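In the two assemblies presented below, chain A is common to both, partnered first by chain B and then by chain C.
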Partner chain A sequence: MVGRGRNRCVGRASRVLLWVCALVLLTPVGVLAGGKPYKIGAVFSVTGGASFLGEPEKKTAEMIVEQVNARGGINGHPVQLVLYDDETDATKCNLAVKKLIKRDKVPVIIGPSTSGNSLAVVSVAEAYKVPLISCAASYKIVEPVASRHWVFKVAGSDKHVVGKMYDYMQAKGITKIGIMTVSTGFGASGREELLRLAKDYGITIVADERYGPKDTDLTAQLTKIRQSGAQAVVNWSVGPTAVLAVKGWRDLKMEGIALFQSHGFGSKKYLELCGDAAEGVLLPLARVNVGPLLPEDHPQKKVIMEYIRAYEAKYQEPISSFGGHAWDSMHLALAALQAVGPDRAKIRDFLENTRNFVGQHGIFNFSPQDHNGLSKDDLEMVVVKNGDWALAE
Partner chain B sequence: MDSIGFGAAWLQYALGGITVGAIYALVAIGYNIIYNVTEIINFAQGEFVMLGGLFAVFFHETCGFPMLPAFLAAVAAVALTGLILERYVIRKARHATVLSMIIITIAFSILLKGGAMLVWGRDPYRLPAFSGSGSILWNGVAIQPQALWVLAVSGTIVACLTIFFQRSVYGKAMLACADNPAAARLVGIPVRTMIFLSFMLSAAIGAAAGVAITPITLMEYDRGALLGLKGFGAAVLGGLGQFFGALVAGLLLGLAESFCAGYVSSGYKDAVALVLLLLALFFKPEGLFGSKEAAGLKRF
Partner chain C sequence: MSPRKLVPIGVFAAFMAAFPWIVAPFESVSHYTDVMVFAGIFCLVTIGLSLLMGFAGQISLAQAAFFGIGAYVSAILTGRFGWNPWAAMPAGAVVCAAVAWIVGVPALRLKGHYLAMATLGFGVIVHIILNEEVEWTGGPSGMVDIPGLSIAGTPLLSETAWYYLVWTFVAAALLFSYHVLHSRVGRALRAIHEEEKAAEAMGVPVASYKVQVFVYSAVLASLAGSLYTHYVTFLTPSSFDLMWSIRFVLMVVVGGMQSLWGALLGTVFLTFVGNEWLQVFADFEVLVYGAILLLVVLWVPQGLVVWMQERLRLRRAADLSRSE
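On to the complex of A and B.
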């Protein structure tokens, strides 16, 4: 009895062993086809509050790796994406970055998705001397650049959006504006830049209104702006209040006062929610949002249209500007790996000296003083026309 | 650009304030109905408003009902939610203290919010206005027809409630439960049925408010908490349990917020409701219309 029991045990053990051997032997075969795989680390908020950022970022990154490996990898090395989900949690994000650095030993990291998480890992990237390309917007991620030796970001800053807006106003002879901003981090940061840059463009802010993200009525703020003699009104918010601003503006018959929205309004979902009310609303958008509208000879036209085609074919859903950030960071990392191989210091130097890199969100020109590489000219002024985006004249 | 006169701006603020205030008043009335019968403050009241709006979107946009049936169906669906809250949650815990019951309603509100997020997602939803979109410009004041609808719905509800409580047997029975549950039971009033009815009624009123404002404000899963808070402020300000007080206090709160946003700073708008609430609690804790004596008899 005992002997037979042990036999059965041994039988089972050897079968398990066989499976393990098979797995060990089989898995690396695909990877070993070329040289040693080049790793790229990624941390995105695939779940949690910022999943609307992380989800398309993850899909984009995975799609690009697939494309590159189908073409035979880079310099004969297949690319391996090591991706962690930080669940929109700064602590988990910090741990994930440490894991990528220490355990996975990746030469370059893309992500995180949000500004808060990016700021939480800047010190880690600096301490371990690993190049990190953030997909979030806050300028604090790459400034002061003296203590951001290893950190880059591919999302534009609020100052670019405001600069583009003010440029347009200047061209239209608008000098007096009213601003209304939501009292969240997003709105506060936009307000800061709107107030700071106004003087440089000869613009006077005649009304400065704020409201909460859950406010149900913005007519009071809009009435005040209407009374202040402003020639244009800038609303800076995301979520329902961005729609309420448009509806209130229309209901108060304020068409004579141009309504500008922040880039946060750049989603087709808002146009659906606003209906006809949104006609004529102006906003600066990254070109990735308006790919089909760009002239054929625009340098970004080709990469954006290719991205749209591939992404929509693979996932049956429209692209988002957030996925564009993942495209930019992923292709920067790939370009660096191709040029200098998996060496952290060399990748950093390569990124810092990258010029005229044509991406989804603009043409990147990095420098030792600028780890973002974008400018206000990488945005397009867009107007809502017939329920869709159109380039503004 | 025409310059808009001071008077027109004043009217515009007043109109915005009254519209929002009417909603606060309806939420406050919802609190009062349940409070009167059970002494429970039902903190899920704000979620009823949210659910009303989202159910109306569901019935109108997804099921393709016309507006009026969608309105009624949404009110019925939320009344059913109120029924579930009473039948399966509050009644099970009827031996608990009032404070525990209040905490249970907070838990239920979190449940409703989470459930709504799972079903409808995080995006806001829109509902077409009851009659025609756009607005009417009158002497420089823009009036949204939907704002008039909100006032009409609120007015109708207040009128119906007044008649219900003063004329109908059920209404009088509910008021009797409020005055003295033990005595009410002794004269043969089914107190438990009254409690049951009060939850359904206040859920239905919250839902009606939600449907009425959704065309103006959009609706999403986490709107309820703030509306509930403002409505609670109105209920306390007007004196807990006082219907007329709730109506006046709700409108007062809406107007104060709107004028503060217009003449002081829009950043302090939300503080107004809380400051008014604190002032009321410091100087007249029984509320503007409540009586000190009656407040002293309540357990909470």
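On to the complex of A and C.
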């Protein structure tokens, strides 16, 4: 029948149209017109377990691209950010990096946000010879440097944080400490360094306690440390357990034993959650967290204050130290693009030879032996005073 | 297998063999080969799981654990003890088979939700061990610099080479599973699925068959784990947690439990949906992913493969009636 046949045709046509629409929707659209854009690839954990890292990193990277393009780009080329969310999943991250390399053909990649995801893509960056600037902390990301030719990182290593902490303890005459660490990648890495470096600073670890990231009570661990005769306790965790440690320490009236937290405690949210209990807690922090406290003549003062102003004006929320990693990696990538153009090998060489780069997390001095470029001197010892950070004496 | 059935399978095999060459010229999909490598690795897990769920009627939430055991055994034997990866792979499978047998004998006496609970518990225990045995597994920071694979002295580097290797494994697993299903064991499994007591009354050794299928699914998961290890060359326990066990079950359910093709289609579909096709939704990706799962379970509970077969049959019937 003719009528039915036509109906069928119409049905077919609309179905084809639907598929075309779907395909168009699913194919990423090229952004920006005019001068051939310089691409920067980015992989952050914007959602999932590490979204507290990826979210500010994404916002920071997008803000910087806007600023640069508003100034007319670099060398007349607009900058295009190709950003993927790995949902804090190693497999997805691996695929995202390959896609950036193969499909988007980016000359440089910033991220991933977490150590686990960074380590899952180190071999990809090496195999395809693409410079990758990780925003995560683990020293394994850039060591051994012989097999990390193409990989850099802008987050300080845990050895710097521990070193700064132990320096301070040494100055205060603390020799016996108890440590408590969370059993995640973050905690495990901290524990390794705390144990490894103690001897160099003449410190004895008299208690070594561990707990799960979802534990709801740390009294048992703190009680053991109190009984061990420690002069100080170091807690190494992020999330609710970092708050529990402070509350437990206060509830058990352990003020006589100084409480040190890792740099993971460096968010004002923790101070709100802990309230008065956090008074006197000590921790090493990157300067980006304490910008307003720095003396005017400090070389990092200017970049940090500018970042804080721009970010807070745009997003109406305080900056976080993680966004600072994105700032550092973005500006390193931009500096490289400006100096040598979108050439993977040249960008790598440029990064490796970058000295005195003033960033949010310190003054970077890269070298063929050091693809991190930071030291413990890029940290400040901070104490919680009146519900805010203050530089510790 | 009848010749009529062989034709579509031949076409499918040819398509799979040509896949890397089909997508290569199109820049926007050229990286699909990478996605297919992971999809193939996950297919190995879900083929075993579909045998267990769709045919023996047992739900396992421990597949990620077996996947993890295989991965870690391979990583430790090659990374620490310098074994050849090809020797470590069967070693991992043997370990997995032994563990599955030990877990399976008591656990498979349980039914329905209780079995799911028991395997879930086992999965969680394995995850905790991977996290806490820092000396062996590297703990939560993971294991780095695991050696890659090589064949006859040539290291496997390109994604295309990996694609062919992984999908050869998948083809072998499919073939083997197909033969199992169309043997006495397969018929017995179906009988168990229909009505366990009746099957037992007919003389089917129910308990022993269930354990055997469970062990088989664990071995496939272990092989997948070994391939994953040497492909990514980095392991962290979070790739083997409960969420992944649930994902594997979802892949089987979405594709269709009653058919091996269901496991295949569901796995490839969800791997692409999860990693590729929803990126345009950015922050809402997870919501859309959830909505797709919900739609499938609500409207095509028998799975995509069965749904497609029915559509085809309906259309054929309609064509027939029109031509009359």
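Please note the rule applied: the second predicted complex is superposed on the first by the 358 of 393 C-alpha atoms of A that agree within 3 Å, B and C clash if a C-alpha of one lies under 4 Å from a C-alpha of the other, contacts with A are read in each partner's own complex, and residues count from 1 in each chain.
Here, contacts are C-beta pairs under 8 Å (C-beta built on N, C-alpha and C of every residue); 3 or more make two chains touch, one makes a residue touch a chain.
Please read all numbers here as calculations on a predicted model, not as lab measurements.
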Checklist entry - Put the two structures on top of each other at chain A: do chain B and chain C fit, or clash? => result fit
Checklist entry - Now for A:175: first (chain B), second (chain C), both, or neither, which partner does it touch? => result neither
Checklist entry - Regarding the shared-chain residue A:91, is it in contact with chain B (first), chain C (second), both, or neither? => result second
Checklist entry - For A:80, is the partner it touches chain B (first), chain C (second), both, or none of the two (neither)? => result neither
Next on the checklist: Touch test for A:365: chain B only (first), chain C only (second), both, or neither?
Outcome noted: neither
Checklist entry - Taking the superposition as given, does A:183 touch the first partner, chain B, the second, chain C, both, or neither? => result both
Checklist entry - With the two structures laid over each other on chain A, which partner does A:221 touch: chain B (first), chain C (second), both, or neither? => result first
Next on the checklist: Touch test for A:119: chain B only (first), chain C only (second), both, or neither?
Outcome noted: second
Checklist entry - Which value in Å is the smallest Cα separation between chain B and chain C when the structures are fitted on chain A? => result 5
Checklist outcome for this item: Contacts of chain A common to chain B and chain C in the A-superposed view 183
Next on the checklist: Taking the touch rule as given, give the residues of chain A at its contact with chain B in the complex, in rising order.
Outcome noted: 180, 183, 209-212, 214-217, 219-221, 223-224, 226-227, 229, 231, 239-240, 243-244, 247, 250-253, 256-257, 269, 273, 275-277
Checklist entry - What residues of chain C sit close enough to touch chain A in their complex? => result 27-28, 30-31, 34-35, 38, 131-132, 134, 139-142, 144-145, 157, 159, 232-234, 236, 238-239, 274-277, 279-280, 282-283, 285-286
Next on the checklist: Touching residues of chain B toward chain A in the complex: what are they?
Outcome noted: 1, 3-4, 9, 12-13, 15-17, 19-20, 23, 123-126, 133-135, 137, 142, 144, 213, 216-218, 220, 222-223, 226-227, 258-259, 261-262, 265-267, 269-270
Checklist entry - Where on chain A is chain C touching in the complex? => result 25-28, 46-47, 49, 84-85, 87, 89-92, 94-95, 98-99, 102-103, 115-116, 119-120, 122-123, 127, 138, 140, 147, 183-189, 192
